[in-house]
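Written out below as structure tokens is the structure these notes cover.
Should a chain be cited, it is by its letter among A, B and C, assigned in written order, with residues numbered from 1 in that chain.
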Amino acid sequence: MREMTFKEAITETMIQEMRRDPKVIIMGEDVGDFGGLTGTTIGIIDEFDDQRVLETPISECGFVGAAVGAALAGYRPVLELGLADVSFVAMDQIVNTAAKMNYFNDGAATVSLVIRVWSGFRRSGGPQQSQSNEAMFNHVPGLKVVMPSTPYDVKGLLTASIRDNNPIIFFEPKASYPRRGEVPEDEYVIPIGEADVKREGTDVTIIALGAMVHLALEAAEKLARDGVSAEVVDPRTIRPLDVQTIVASVRKTGRAVITHEANVIGGVGGEIAAILADQAFTSLKAPIKRIGGEETPIPVSPSLESAVVPGEDDILDVVRALI
Amino acid sequence: MPEMTMAQALNEAHRIAMQEDSRVFAIGEDIGDYGGIYRVTDGLLDEFGKDRVRDTPISEAAIVGSSVGAALVGCRPILEIGFVDFVGTCWDQIINQAAKYRYLSGGKASVPLVMRMACGAGLGYGVHHSQSMEAWFTHTPGIKVVMPAFPDDAKGLLLAAVDDDDPVAFFEHKLLYTFKDTVPEGRYAVPIGKANIRREGRDLTIVCWSRAVHWALVAAEKAAVDGIECEVIDLRTLVPLDEGLIQNSVGRTNRLIVCHEACRTSGFGAEIVSRVVESSFDFLDAPPVRITAPDIPVPNSLPLEKIYLGPENELLDAVRNLTAVHSHKRQH
Amino acid sequence: MRKTKKTTKTTGDLTAPQLKKMHRQMLLIRRFEEVAFEKALAGNYANYHGAMGQEAIPVGTCFDLTPEDGTMITHRGLGVLIARGITVKDIFSGLYARAESPTRGRIPVYHMGEPKLGVLTGTSMVGSVIPLATGKALANKLDKNNSVVISFFGDGAANRGDFHEGINLAAVWGLPIVFFCENNFYAKSMPLEKSTAGGSIIKRADGYGLPSMLVDGNDVLAVYDATKQAVARAREGGGPTFIECETYRWTPHSTAGDREFARTDEELARWKAKCPVRRMEALLLESGKASQEELKALDDAVQAEVGEAIEWVEKAVDPTPEVATENVYV
């Protein structure tokens, strides 16, 4: 099977879905010739036109609201919002409009909208370009929150998201963009709400989000050489969470470590830990541990950045202390 | 000791802060001439004038942004957002600006801003006037999060928040504005970061804040009739969390319920449960329980709104169930 | 100083039946507003944002719209819903949040949508409806249908960021939309001159390169005429128009514990003298198109309609619990 990057898989998915369904449109800043902030829409406007690839001014509230309005009228916008940090600018439109319009319309119209955000760390991104705010969206009924980690997963999940009639915040971790992996050429769907056990193990469950999945797998490899068998679970969808898979894993191993790029306090790790404490309590051999960013804005200097962002070593240290 | 409503207690705190420090000013929609939709700023315009009690257009991003700017150069604004539901319109200013400027300035500047926001359901106001969003703020390094449940705490915490050099998100539950209780006269501060045991008990710990504290006290009263003694911890501050007090309590009771009004998933209850599991794992006899609103928008009709406010009635059953379980001791 | 010339209109090309229909609609909205306000004050529901005195706007704007044309309101001006064909009974049912209401008691009635009548679902954040309405107009343009959207908002909304973004976006894309500002000179309690730099909302339209009209919002024929021009322009692909209507509400911002905002009795009296309903009545009588008896009978019928609606709604049942959790996701 051919290999491609996470980034390339995103582009391929959008093109496939736009060919399949004329209601799928792309919106965002510089998404035309420039190819978008992320470069993922390069070339798409050449195949389609500016009535399907709509470039917007710098008006996040304006175009998020407009995307919701167009979705309710039957379109399926795939909106490139840019950095996750920028989603804050349009928070009202996302949380009060997009998230609630299905409830308001009570089945009469639907918000078939995907909002793509570029999240997490990238060398020297700095405090306002490195955030990963999935926990905030996780708190909002009406939104789905998806965070794939591999090229295979991103294509299947983006396809599913575009076909879903709910507003979906689709997190694309920056660190995942260059990752290569096998991706089938044909279209396929990975159901939203389905986790993936990326590596089986028996001694500890590492639940990892997004970019941390790869670090968790690398850590698991090293742990294996020390005789520690780590199971790595990638939720892939944060909301709705695949509680069954995660709980089953922790019931099996008895130990849970949750890791994400976002800072720990109030992060998704807390929600997962609370669920595990509720449903896997009697199986736990040790406290549940969370690994995330430090409680600080993200510094620019690479040496400072690496002190603040979670890394493979953090996972190794925590797991070893647990065993 | 005088009795007053929470709105009056907050009003007094404004007065004291503004009388003592000319850099303190109030800003928000309808706070001046109108005195604020909850009357918290009643009379302040007459006493302090329009430079220090500033009515604004409906421009939340500008209100927050300009308050941050003023705070950076030494002012101490107290801004009012009438419904926390509106906070999405100024969220960038709060998260990317207010929370980060101390860091971005390398410590040379700080943002001594108090953001007062009214939250909560129970009046049938509907989906966009009833939410609780404190969890978002707790996830943002650089912001302190305060939620008083009683008038005396409200006054003391607001004074402490104004004195604090960092941005404070200060949440007031709409239904508590008219709650009357004793409030000490004059100036006093309730320290930010310190929880308060509102009721002592040996059988289980209920950690709660804001309106849920009142629910917990009612449930504790009823449970006591059955011989169950609940320890009710009123957090008062969510961030920084008074973890020591909670650990101490769970260490004695071995059972934990966290109760809050906000939606369950990724509500602050998750953070508390996680911390307790992490720090007090060996002391827990049973799984910690979260009693919260369900994950739905706040419905409009009063009978439907009660579904959202389910935690109020579910709490007593949760207390009984948790104590009925002898022990869920783990097999290891 | 407001220098833009205001448009007014005479009866012109409207027939007697059409004028009487306009009058009936305004009267129905007026009687509805009176009862809605009173029932809110009596505690039957949490809140009501009255628009008494602003009846010319919903009637004039919606008169010639087709069901494919969309209207989006914020929290005030339920008259638009009535003008689009939602019954007074359904609106009261929504206010009382009953099981049988169009909203099933789940959301405030002012946000209700009714696709068959072109009523678009809105959102509460003042100003945030504007991009949402822009989105519907975008869909109209992409669909290449002939339909138009009217986005209603107040003077308060003109100072929100979403106002700027939504209008600019529609202007840059040439969308089939009418931006309709009901300027009643007070946001909640804050008067226009304290909130709005430049003292004029309509001048902002110049910044977007949009044609604009300043209209006497209490003259239903002027409102009708301005809307007709704007809608025609939008249908023909001429893009958005900005209409500002000067009007006034006789009631406070809302009934939820609201004190009266600071205004003089003289100001209120001055605007009551411009009552849109009375003006149309006078026009009909003076032109001989209706008699006093006819108008009285009409008023009786309208009041009876409102009365029947209230009688029904006061006995109607509340929704059952499971309704609260449905359709959070689809």
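The criterion applied here is as follows: a residue touches a chain if its C-beta (ideal position, glycine included) is under 8 Å from a C-beta of that chain, and two chains touch if they have at least 3 such contacts.
Note that the structure is predicted; figures quoted are calculated from it, not measured.
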Far-end chain from subunit C, centres as C-alpha averages: A
Contact-richer chain pair [A-B vs B-C]: A-B
Cα-centroid distance, subunit A relative to subunit C, in whole angstrom: 41
Subunit A-subunit B separation of Cα centroids, rounded to whole Å: 30
Rounded Å distance between subunit B and subunit C, as computed from the means of their C-alpha atoms: 37
Multi-chain contact residues (two or more partners), subunit A: 61, 92-93, 96, 100, 103-104, 141-142
Subunit B: positions in contact with at least two other chains: 85-86, 88-89, 127-128, 295-297
For subunit C, residues contacting two or more additional chains: 103, 106-107, 123-125, 128, 161-162, 328
Parts of subunit B lying in touch with subunit C, wherever the complex brings them together: 29-30, 33-35, 37, 55-61, 85-86, 88-89, 123-129, 294-297, 299-304, 306-308
Of all residues in subunit C, those that touch subunit A in their complex: 103-104, 106-107, 111, 113, 115, 120-121, 123-125, 128, 130-140, 142-143, 161-162, 164-166, 168-169, 172-173, 326-330
Residues of subunit C defined as touching subunit B within the complex: 45-47, 97-98, 103, 105-108, 123-128, 156-157, 159-162, 187-190, 194-196, 256-259, 261-262, 318-319, 321, 323-325, 328
Contacting residues of subunit B [partner subunit A, same complex]: 85-89, 91-92, 94-96, 99-100, 103-104, 127-128, 133, 135-136, 138-142, 239, 241, 262-263, 265-271, 273-274, 277-279, 281, 284, 286-290, 295-297, 328-332
Parts of subunit A lying in touch with subunit C, wherever the complex brings them together: 25, 51, 54, 56-57, 59-75, 92-93, 96-97, 100-110, 141-142, 144, 165-166
